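Here it is, the structure in full.
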């Protein structure tokens, strides 16, 4: 099959989203099963792309309209994109099953469309190789996210969505200014060409451009202090959407930020920008962990924890070394799995017991054993107990961080991790040792999903080599910009 | 390649998982016992190899980290101690463990400890270290949650400190295996020594690096060893779990910390630390610090042990104190001191293990833990009593027990190293140890027996076997300390302590265990004859105490079983006000309050403030760009 | 006063940020030729796409992915507004009917507005304009209807289905390109057959087709947004 | 400087002024009208900058439709920024 | 001082006025007006980057060759950006309507149920 068929990754969710109104006109009941079907198809396509990229070892360059870059827009599905597009699709597939249990609020057809488009936006953000196209996909992602955050239509949901919109709006405006400066200086929008030419930019303009691009993406990537929208949005959004936020939407932003950061590495003030991001990432971890400490709402607590993990990833990505990027990618994968597990389980509890308050978790070990078990494994993994997957990536991150000389950053994030251990332990304590209640029959499908994720957590924990190899390749994809430029078949335009 | 090492390492955890999965009474005990016996058997099997100075290595790759585990002269010593204690733990658990859960985590920590001892690189070391923490945490968690939380937090702090240290080492050397790192440190130490003499060289590790490394690793190992002031978790955690498991927990897990200090801080980076940190009063500074930490631990823990009213608590504090001896011995910085430390590792393991097994038996049979509820058990549990007596003698440092031999070495070392204050701490600690074992001896075994203990039976057989093993070892190593000393000499590749099986000769003195034993036996025989033929026993009421003029009231009623050392507590009132435990709690409280303030002021819910955050970031970017 | 303090702080902040941006922009000279890829487009737009309006050619053909995304964004907005303002039963609450001038004018103008919108998007490849302004013009027509008549409502079902079908057709056009030319969004009309002459209405490859689709889609979506914003829920607030 | 190019400056000036008004007017309807004016003037500038497509789109979507949507929203919420609003004098009361 | 074109100045002024509104105004709709103005400013900035002195619109009808037209790319980008802007605005306004229904106010200091 031709590599260009990788464009189906964009086409499938899009055409299906447009198809939903037609289906709804026929039968409203068919919408949710349709979602399962589409995400399954998307997963299959992503698996094919993944296999293709990792067996040939060459990235797939999708050229829209047969125009070679930089004339046309290209999708660059390298090792990272192939890996993450697959994760996006697979998580969405799991969530499409999860939707049956958790989405009861009308209008479901609109939810289905937005769900697919959020998946599309994250896929596009990860895959694109054009900076303005990145902006468009970022807007698709964030506008869908705004809509889905407010989907529950409660006051809280609208409030969270509004906060997200205002901050995201400022962020995207400044991101666009960054694009304007870069375009004005270089006359191109293709990332590979920007990477080629970045050294020739005027230093002041380049610094401002890079700073603004990173600023805009940092809002999406939840770096402190630009992450104030995140806990509210995570808390108020419907449960599957929260899973999506934490499993891949934020990852897409992080990836985009890392990609732009490394593409612009011949800019003079690059190292100062890196340092700035390291500081922000460290603060993210610290503030988020401390904020989670006395949280009474478990969903919000895990949201803060997720933000702090994102800080970890950003720290690793901003180290500016191959080891750091590899570790960051590895942590992204692990975090996607673990946080998907935790949010699915917590959301399920919230649906069954009417809210994610700490009180509802009392005696969960007896009431919903499978869910409680999943939360336990997830929490232990997040804390960084060996033989669970997160341990390996945290270890890698710390090694890489100290290697670069940021011992203070490593020390601070580890202090924050102690705090994390405390509040997760408190949660586990509440689950297993307090209160009691009658047993609730757990849904078999959800149990299977959670146990699947638990199995992944443990398998990667016991045998991390395979995923670590993937992460190394994906990390090289981000870090090795020379190779990136070589991979994109640029046609000599102008220059 | 499969050799003995992976079998020794992984048999226990596999057995633990099987026991947990099957969880049938009888079967799980058999599996668990097998899992504990096999490592011991294999370790004995490889003894000839390691005694020759050869080593057996097992390597594997995980997460593209190369890991290797080696049994050599050094690691075998620690491993066999761990394994024997593990075996006795398993024997004890046959009687005390009620579920597969206990077997799983006990055997998991067995594997973990062996892994820590044999690991030859920092990744596997850290991995098994964490596994050890996790397994022991799970054991404590089942019995007492507050204690487990304290233990967990301190352990996590320790683990992260170690992680930072490892990361720093890795950053400077690019290696994670001990051999390479040791070489780098050795070379760097030489260079440091040279640069001290005016020769300039680029050093791998700066002085700051070494201070950081020392702090990180000392914190990490100090937590596990229960060194002051990181000991606060230990008394609670030791006392609040399955007592058979505590045999292992206090006997071996704390030794992992000692092993870390000994191996990492001393053997690996000792020379470098010496050259980088300099000396204090002619003594390497870092060793001086370790010695003082040890001394303070001994004194504080012993005082606190004296004041306990709970059997388990008393032994727990005592354990903490005994580990202090080992640190102190390491801190003397002489080969004699190291020998003493290593010997005390062994003897503390066996006598404290024996203590906890005795306690396990007593608690199993009576269900009580406070001294005031005990009494007169010697008649009911004679063998247990005999074993308890051996343990008491050994702990108090009375010949001819193993405890005496090792403590004697430590005294010698402290005197030889010209550390009179530290030596004073040892003497004080010994006196206090005597004070609290007396309490253990009398209130449990002698005196009037409360009526509800009348139908107490002798400890179950497996427990007795376990006690027997440890008791015999105590006596054997006590009478023939040369057995151990000879092996320790092999470690140093030179005879630090000369003599034969029964005789230890140090630069300062000689201890002939055999003759002391013979004299002692003769003395006991004479005393026994006198007792049988001469003396007449005088009946004393239990309440006849020593109150020195104070009237006996209901609340000021001091007997050996209750508030025996209350006057001491009153005398120490001023000091007891300051508790590290409370200090940490207060610290935790403060940081939680801080977290609240932070959370409420940063995430204050006002989107305009959030926009200001964005503006401030832009402002910083702008100022940085413009200026 | 807190307020004055806040205002002055804000003014200082924006002045500094603005100065920074100005400094950065001063290195991107105004009014000079900085084109790199742009010149390529101008040189080749006629023979490669058959369109005269280079902007249109870029929007639809060269950077078709962006436009697909853009259409999606608008679709999201209409879906999102629909989802947020969804009520089980809703109707219009306007009570004041439009004046005579407005109603008559609307009746008279509405066909012309729609026609004008259609003209704009059909001639997108030749003249300024295109699908987006065209669609917006059509939506303005519906806006007029809403303002003039208190009970007027667009045919929701029909509009929604049209929206979906038109969007699908856009993607389908792209997929046909994938099948014929093995590239997604490949201009299969112009590149394979070279239909029409440059500068005439029937030219420009698939640009007019896509612009018609976009025009319809934008028109229906914006009308849908207007409809959603104007109606309020009645009887019960679920 | 001849007055043909002056007109750019005048329009930019008016645009910025209406932006200030749009932000400072407390009557939200007026503010929206100010915002629409900004869009209109911007679309004029787009014409001057040789971007007729953008000018059309901005006029149709930026000015007309988003103004309309704003007005609908104001209709469904409230017209004035704060409660004590009906008094005149926005230029003195900050 | 630096010299920049009046168009740049106008664009940056719009962006900053918009930001000012977001930073100072307490009314939600006013903040959204500010965001909207900001977007207009960014669009103006992009278009003025693409402008080339003395050249005409990139519609290559008779008499205008490839060398006589301004840069078409920013115009294409701004077309997209305008649509995205209106989409965001519509979403935000519908959220504002819900907020007003639930909270009875648009003052952002009172819309603070989610915090901490």
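Note that the chains are named A, B, C, D and E in the order they appear, and that numbering of residues resets to 1 at the start of each chain.
Note that in this section contacts are C-beta pairs under 8 Å (C-beta built on N, C-alpha and C of every residue); 3 or more make two chains touch, one makes a residue touch a chain.
Values in this document were obtained by computation on a predicted structure and should not be read as measured data.
Undergrad: Taking contact as defined at the start, I'd like the list of chains shared as neighbours by chain B and chain C.
TA: Neighbours common to chain B and chain C are A, E.
Undergrad: What pair of chains has the most C-beta pairs in contact?
TA: The chain pair sharing the largest number of C-beta contacts is A-C.
Undergrad: Quick one: most central chain, C-alpha centroids?
TA: Per-chain C-alpha centroids compared to the overall one single out A.
Undergrad: Once you find the CA centre of chain D and the CA centre of chain E, what distance in Å lies between them?
TA: Each chain's C-alpha centroid was found; their separation is 12 Å.
Undergrad: What whole-number Å value describes the gap between the mean CA coordinates of chain A and chain D?
TA: 38
Undergrad: Rounded to the nearest whole Å, what is the centre-to-centre distance of chain A and chain C, using the mean of the C-alpha atoms as each centre?
TA: 29
Undergrad: Nearest whole angstrom, what separates the Cα centre of chain B from the Cα centre of chain D?
TA: Each chain reduced to its C-alpha mean, chain B and chain D end up 76 Å apart.
Undergrad: Two or more other chains touching the same residue: where does that happen in chain B?
TA: In chain B, residues 599, 603, 605, 607, 611, 615-616, 618, 621, 625 touch at least two other chains, as defined above.
Undergrad: Scan chain A for residues touching two or more other chains and write them down.
TA: In chain A, the residues touching two or more other chains are 132, 136, 139, 143, 146-147, 150, 153, 158, 162-163, 166, 170, 177, 184, 187, 189, 204, 207-208, 231-232, 291, 295.
Undergrad: Got the chain E residues that touch at least 2 other chains?
TA: 7, 9, 13, 15, 17-20, 22-23, 26, 31-32, 45, 48-51, 57-59, 69, 71, 73-75, 77, 79-80, 82-84, 86-88, 90-91, 93-98, 111-116
Undergrad: Kindly provide every pair of chains that touch.
TA: A-B, A-C, A-E, B-C, B-E, C-D, C-E, D-E
Undergrad: Can you name the residues of chain A that touch chain B in the complex?
TA: For this pair, the touching residues of chain A are 162-163, 166-167, 170-171, 174, 204, 207-208, 211-212, 215, 218-219, 225-226, 228-229, 231-232, 272, 276, 287, 290-291, 293-295, 383, 385-387, 391-392, 395, 398-399, 401-405, 407, 410-411, 414-415, 417-419, 421-422, 425, 429, 433, 463-465, 468-469, 472.
Undergrad: State the interface residues of chain A toward chain C in the complex, per the touch definition above.
TA: 2, 4-5, 7, 10-11, 14-15, 17-22, 24-25, 62-67, 70-73, 75, 106-107, 110-111, 113-114, 117, 120, 124, 128, 130, 132-133, 136-137, 139-140, 143-144, 146-147, 150-151, 153, 158, 177, 181, 184-190, 202, 204-205, 207-209, 493-495
Undergrad: Within the complex, which stretch of chain E touches chain D?
TA: Its residues touching chain D are 6-7, 9-10, 13-14, 17-18, 20-21, 25-27, 29-30, 32-34, 36-37, 40, 43-44, 47-48, 50-51, 55-59, 69-70, 74-75, 78-79, 82-83, 85-86, 89-90, 93-94, 96-97, 100, 106-107.
Undergrad: Could you list, by residue number, the parts of chain B that touch chain E in their complex?
TA: 599-600, 603-608, 611-612, 615
Undergrad: Okay, in this complex, where on chain E does chain C touch?
TA: So the residues of chain E touching chain C come out as 2-5, 7-9, 12-13, 15-17, 19-20, 23-24, 45, 48-53, 57-61, 66-67, 69, 71-73, 75-77, 79-80, 82-84, 86-88, 90-91, 93-95, 97-98, 101.
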